[in-house]
Structure formats: C-alpha cells, structure tokens
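Which chain is which? They are A, B and C, in the order written, and residues in each are numbered from 1.
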Amino acid sequence: MSETIVAIRNLVHTHLARTPMATPALRGANLTLHRGQIGALIGAGGAGKTTLVSFINGLQRPIDYGSVLVFGRDLADPSVSLEVLRREVGLVFQHPHHQLFERFVGDDIAYGPRQLGLEGEALRERVRQAMQLVGLDFDAFKDRATFTLSGGEMRRAALAGVLAMRPELLILDEATTGLDPEGRHRIHALLRRLCDEQGLTVLIVSNDMSEVAELADQVTVLAQGRTVAQGTPREVFYANEPLEQYGLLRPPVVHAVERLRAAGVAVPGEPLTAGEAEEAIWQALKA
Amino acid sequence: MQPEAQDVRIRSIITAGLLSAITLLLALTPVGFIVVPTPAGSATIAHIPAIIAGILEGPLVGLIVSLSFGIASFLSPLVPVKDPFVIILPRLLIGVVAAWVYQGLRRSSPTTLTVLLALVTAFILYAAYEIAQAYLWLGIAVAVVTIIGAVLVAVWLRRQEVAVVSLAAAGIAGSLTNTVLVLTAAVLRQIPGITTEVAFGIGLSQGIPEAVVSAIVVVIVVGAIRQIGTRQRGSRI
Amino acid sequence: MASAQGLRYASIGHYIPTDSTIHRLDPRAKLLSAGLIVIAMVLATGQLIHLALLAAVLLMAALARIPWRFLFAPLRPLLPVFAVLALFQFLFAGAPNVAGNGTISLTLPPIVLRLVIALTSLVRLVNLVLLVTLLTSTTSSSGLSSAIELLLRPLNAIGLPGHELALVGSIALRFMPIFGETLESIMLAQRARGVSLEPRSRWKLLDNVRTMGNLVVPLFVDLFRRVDELSLAMQARCYQGGRGRTRLNQPTYRPKDYLVVTLAALLLFAVLAAQRGGIA
C-alpha cells in the first residue's frame, strides 16, 4: 500500500459550539486517502462535506474529538504549522471568482508562486506551465483582465493559480459544477494525468455521481456528519444498501443496470461508465 | 435595444439593496475595519460601498446606500454617539458627493485637474494659516504636510489617467464628507467630550487615513469591475 | 481582520431562537417600540431615568430568555471605548448642565458629581447597545424586513417611494448574512492559495490595504454578478413595484402587540415628563 496522505478518524465537530445556535456538523467522520489516488467525498447537502474538507486544508484544528492526520502530521499537535499545510494542500472552490483578485490573469496565477519567493524566469516558467496544464494559452491570456474572462476560463484560471503552488494534495470542492462537458472532461483528464505522472493526490467533493463513478479510485459517503460507506466506486454504488437512504442517487448507469437485472437481463460485472455498461449490456444481450 | 425604464429601476433598487447589505456587514462586523497607524488603531471601510454606489449608479443610489450606512452606524455598538442628527443625517451626503465629484471630473483634462489640485492646496494652506494663528505648530505641521502631499499628488496626476484620478478624488471626497460633516454635527450638537479641539484631532487622525484607504480601495474595486485604468497594459509576468 | 469563523459570531444582528413571548410579538410592534425607547434613551439626561431604563431593558431580556452572556457579549469589545469616553466625561464635563432637568442635587462635592455624570453616560451607551442586541436577537431578519416594509407603506401616500425603500431594506437584510458567507468563502479560498489575512504591522498601510483589496474585490465582483442575476429574475417574474401586490402572510396585530407599543410610548412620555418636571 502506498503512502497515506490523509487519515481522518472519528472526527466530531460542532458548529458554533457553546452557543444556542450550536449544531453538530460532524459526528464521526472517517476518510483515508493514499498517494496518487483520486478520492471522492459525496453526501447530501448539509452532510458536512465542506466542514470535513476545511479540516484537511488546516483551516480548522480538531478540537472536539477524533484525529486528523495530513501527510502523517497530527493537526491536534500545536507545533504543526497550519500555514505550511495550507501551502501544500491546494483547494479550488465552486465559485472561481472568489479565488481571483489580481487585475490581470498572469499576475493572479503568479500570486502564489510569488508568495513562495519565486521571481524572474523561474516565476514565468511556473506560471506558463500551470496555464498550459489547464489549457489557457500563456501569451493569449496572461494580459487579459481577470474579471472579463468567461465562467469556464475563470475556473481554469483559478485552478492554474492553485496548481502553480505545486500542491501535494489538491481538493476540488464542487469545482466542476456547472462546467460544460468538454471543460469537465479536460479537467478530469488533467487530474488523472497529474496523479499518475506526478504523484498528486486529489479529493473531489461532488454531487455528480457519474463524475465520481468515472473518476474516483475511492469513495467516501457522508450522511449527517457520519461516514456511512467507504470503498471503491463499484463497492459503494453496487452495495446492497442503497444510497437513496442518505439522500443520494446512484449514477444513472448503475441505476439502469440494476433495472435491467430486475427485468431478467443478466448484465455481467459491475459497470460504472457508459462505455463499460454498453459493453456489458451487449454481452448480456448476445448471450 | 434600449432598456425599459422599469428595468433600470429594478436594477437600481437591487444594486442599492446589495450595496446596503455589504454596508451592514462591514459596519456591524469586525471585517470592515483595517489596521492603520493612528491612535485609534483602526479605520472603517464601511462607507466605501456608499461611495462606490454614487460612482457607479449615480447620486440617488448613492444617497440610499449612504442612508444604510447611517442606520448601520446608529445600530453599531462601536459607535458610542446615538444622536441621529450626528450619526445619520450628515452621512446621507457621502454617496451624493462622491457621485458629483466623479461625474464632474471624469471628462476633464489633466490641466483642469492640476488647476483644481492647486486650488484645493491653496485653500488648505489658507486654513493652515488660520490654524497657525491659534496653534502655531499645528498650523505649520498642516502646511508642511499639505505641501508634501500636493507635490506627491501632482507627480501622480501626471502619470495617471483622468478616470483613475477621478475615482481616487471621489473616494477621498466621499470619505472626507463623512469625517467633516459628522464631526461638525457633533460639535454643533454639543456631544459631550467632542469639543472643537477634539474634533480637529479626530478629523486629522481618523479622517486622513480613512480618506487614503478609501481612495485606494475605490480605485482597486471600481477599476477591477469596470476595467478602468488600462494604462498598465498587462501583467508583470 | 477577523477569522473566517469569527464572522458568525458577529456581535449584533444574531437571531437567538428561544421562542419567548417577546419573540412571538409582531415584528412591527417590536421595531416601533424599540424606536420609541431609543428616542427616550437619546433624550433622557437624568441619572435615575437611565438606571430605570437599564432595569427595563434587563427585564425585557429576562422575558425574552436571552442568556445573559449573549446579551452582554457585544459590550465586551466596546468596554475600552466606553471607558475612554467616560474618562473624557469625568475630566471635561462642564458643571452647569448638571443643574437642570431631572438630575440629582448640587449638594454633592464636584468630584462625585463628575463621577456620577461619567457613569451616567456610560449607562446610556450600555442601554442603547443592549436594546439593539435585544431587538436583533429576538426578531428574525425576515421579520424585521417585512416590518420595515409595512411601516414604510404610509410613505407611498405622500409620494415617496416607500415600497422601493422597503425593498432596498429587505434585500439588504436578506443578503447581509449571505455576503457574510460569501466573504467567509472568499477568505477560505484566498487562504487556501496562500494569502495571509492576518494584519501586519499597522505601519504597513499599503500592505494592509492590499490585503483588504484582495477580499473586497472578489466581494464586489460577486455583488455585481448578483445584481445581474437578480434583475433578470425579477424582470422574468414581471415585477411591477408594490402597487396592488398582496402578501402571502398578512400579519395582524394582536392585543398584546398594541399593548407593547402603548407601553413603549408611555415610557417615552414618562421620560419626557420626568425631564420636564425635574423629578427623578
């Protein structure tokens, strides 16, 4: 088994603790992620996904109960620097314009590396690479005004700004929501490549089950602040216990396969993507 | 297609409402304060949405957002004076003044701006002379600061676009409207503890940093939203 | 700069749902009464009146079952400011305005008198803060906004855009917490990309303004996007202003609402009468 990047055990957290508005946000969350993996965190709205993510990024320390280890460092240990952790963990959110602020795209992407002390040609190269990764042409886009970009371009610029920091762990919190299929596909391919080639570890928070089924190596299901299922997408989506009880829908492909089976078509295996399902259904119909 | 009057009206209402929301947020929570090198240690930026409202949407929306700022200050526990004639009424003019200054300067030439700067400088120097009659050293200090400031601004003026200069001027004017009118009202209404001397002290120590902060923030924000100030043509990469 | 979490603890404007008699009052009645009491607090000068008003506010807070520490929480950051003001009062208060309306007699030694004046102004500030805290912690923001709209309705009759102003007010109240969340999200997003939001030395003015700019630029960009979205949404629903519009929940005054407003009005009159009569 490769190196463990994130290990969260029985994490309990209360929002606005010690006030009349106190609400339990996490009541026993578990999450494990190994180097080079793409993990997915799914759960209905209010299940505590964003809270859990904020722990991994070092935006909060475990105070109530449970442990959070990121890169083997225990966040409960006050000597562990959250500032350093935040530089190693990249976080991209749903609203790209929240993450941008410089007048020009080039300066915005260069912001993080500049903070790390890069300058001159090294900085230029770092920005060029990050822009190339997300498919923004360096010369065409570096001098564009940030807030005149289209939604999709802004999202890629935000992602480039985070990638330019060369994080070890990248978290995408609903960061592909609302993207067109082509843009989403491009980001998926990029993530897979970064994981395989550079040992990046990725955690996606998503409501799109097809995306999770296609992309993730490992899925964690959160319901009402508790981890209720963990495993490969096949294990989670083909489990006997349906996900519907947690307010989640299974990927349409899985749903279709199960209906075919109920109707007596013996679809083999556990297909997750449309391509796999096509093949499996073809097999079943030929037989 | 020309937008319908009704649509413009809806847009103005919504803009005024949303800018007021940010005003409330900045005035009633700690985020609206910025650390500055003055005795009080912090300056507010809660009046800036009112200035931006005036610049982008005109005097009427500016007035409404200014009213929200007045009400927010009245409700704020950080504002110890609770006299509406001091806290709300004078503040109504913040957005209006910002709108007028911006609209007035926007189309003027750099020469006009320089002449205006000279007039403002002359006026402050005259005020410094008056102050020097009563407090010699304070007057001299004001005069020295004014001359240095005027020279810096004149240099900056020559290198900037008129649009950026008008934004900064509107930011400063709106901010000073706030400081000067509120303190004047406080002195006139005989708020305990606010004598003329105290008012001058607060005006200089709070008013100037707030005006500077507001000029910078207005230029950054409106510049980013409206792509104003394109003289810097590209990134530093 | 406050921490991202700190925003949620914003001292004023936090609704505390304890469902008491006071919570269930009509928001209009609460807003009107609070307005009357604020006027009383602003106008009153006598020491005993201020103490009586303090007692009244504390009594209402007890009725509303607002935990004391939440009622007093907003005062904590203010204490230094108040202390300085009280000191000013103590040092510079002019003796003459002590003599008149409704204050204790002049037979006290001047130093004690000054102390009393300073403490009185302190109590007045505390009163105002407590009252506003009480109003916002017992009234939800939607309650407040519909109250504002209904109370501004008479402005239409005299040609002022009462409905439009009320709409501005309710959009402001509705979106204040949303922008709070947006700002939290911006802070998280910025921190996540290595932006330090901690204030540096107060002398690094430009750095601090830049940090502030990093937060407010995305905030205003977000705002103007919302302007576009909301305008479209309202045009799409053929919004035509307030005339002839009906409400889903038509609020009605109940007897106890009238009672509360009457009590507040009586309180104001009592204060005015006490001032004039030189009692208290």
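Assume a contact is a pair of C-beta atoms (placed from the backbone, for glycine too) under 8 Å apart; a residue touches a chain by one contact, two chains touch by 3 or more.
All values reported here derive from a predicted model rather than from experimental measurement.
Asker: Considering only chains that satisfy the touch condition with chain A, which of them also satisfy it with chain B?
Answerer: Shared contacts of chain A and chain B: C.
Asker: Would you mind checking which pair of chains has the most C-beta pairs in contact?
Answerer: B-C
Asker: Based only on mean CA positions, could you tell me how far chain A sits from chain B in angstrom?
Answerer: Roughly 43 Å separates the two chain centres.
Asker: Per the centroid of Cα atoms for each chain, what is the distance between chain A and chain C, given in Å?
Answerer: About 41 Å separates the centre of chain A from that of chain C.
Asker: Chain B to chain C: how many Å between their CA centres?
Answerer: 24
Asker: Show the residues in chain A shared as contacts by 2 or more other chains, in ascending order.
Answerer: 101, 147
Asker: Got the chain C residues that touch at least 2 other chains?
Answerer: Answer for chain C, listing residues that touch two or more other chains: 213, 217, 221.
Asker: Please output the residue numbers of chain B that touch at least 2 other chains, ranges allowed.
Answerer: Counting only residues that touch two or more other chains, chain B contributes 224-225.
Asker: Which part of chain C faces chain A closely enough to touch in the complex?
Answerer: The contact residues of chain C facing chain A are 4-5, 8-9, 14, 16-18, 67, 70, 182, 185-186, 188-196, 213-214, 217-218, 221-222, 225.
Asker: If we count contacts the way the header does, which residues on chain A are in touch with chain B in the complex?
Answerer: For this pair, the touching residues of chain A are 101-107, 110, 123-124, 127, 142-143, 145-148.
Asker: Using the touch definition up top, name the residues of chain A that touch chain C in the complex.
Answerer: 15-16, 19-21, 54, 57, 59-60, 83, 86-87, 89-93, 95, 97-101, 111-112, 115-116, 147, 161-162, 165
Asker: Considering the complex alone, what residue numbers of chain C touch chain B?
Answerer: Spelled out, the residues of chain C in touch with chain B are 1-2, 6-7, 10-13, 38, 41-42, 74-75, 77-78, 81-82, 85, 88-89, 92-93, 121, 124-125, 128-129, 132-133, 164-165, 167-176, 178-180, 183, 199-200, 202-203, 205-206, 208-209, 212-213, 215-217, 219-221, 223-224, 226-227, 230-231, 234-235, 239-241.
Asker: Write out the stretch or stretches of chain B touching chain C in their complex.
Answerer: 6-7, 9-11, 13-25, 28-31, 34-37, 41, 45, 48, 52, 64, 68, 75-78, 80, 82-84, 192-193, 195, 209, 212-213, 216-217, 220-221, 224-225
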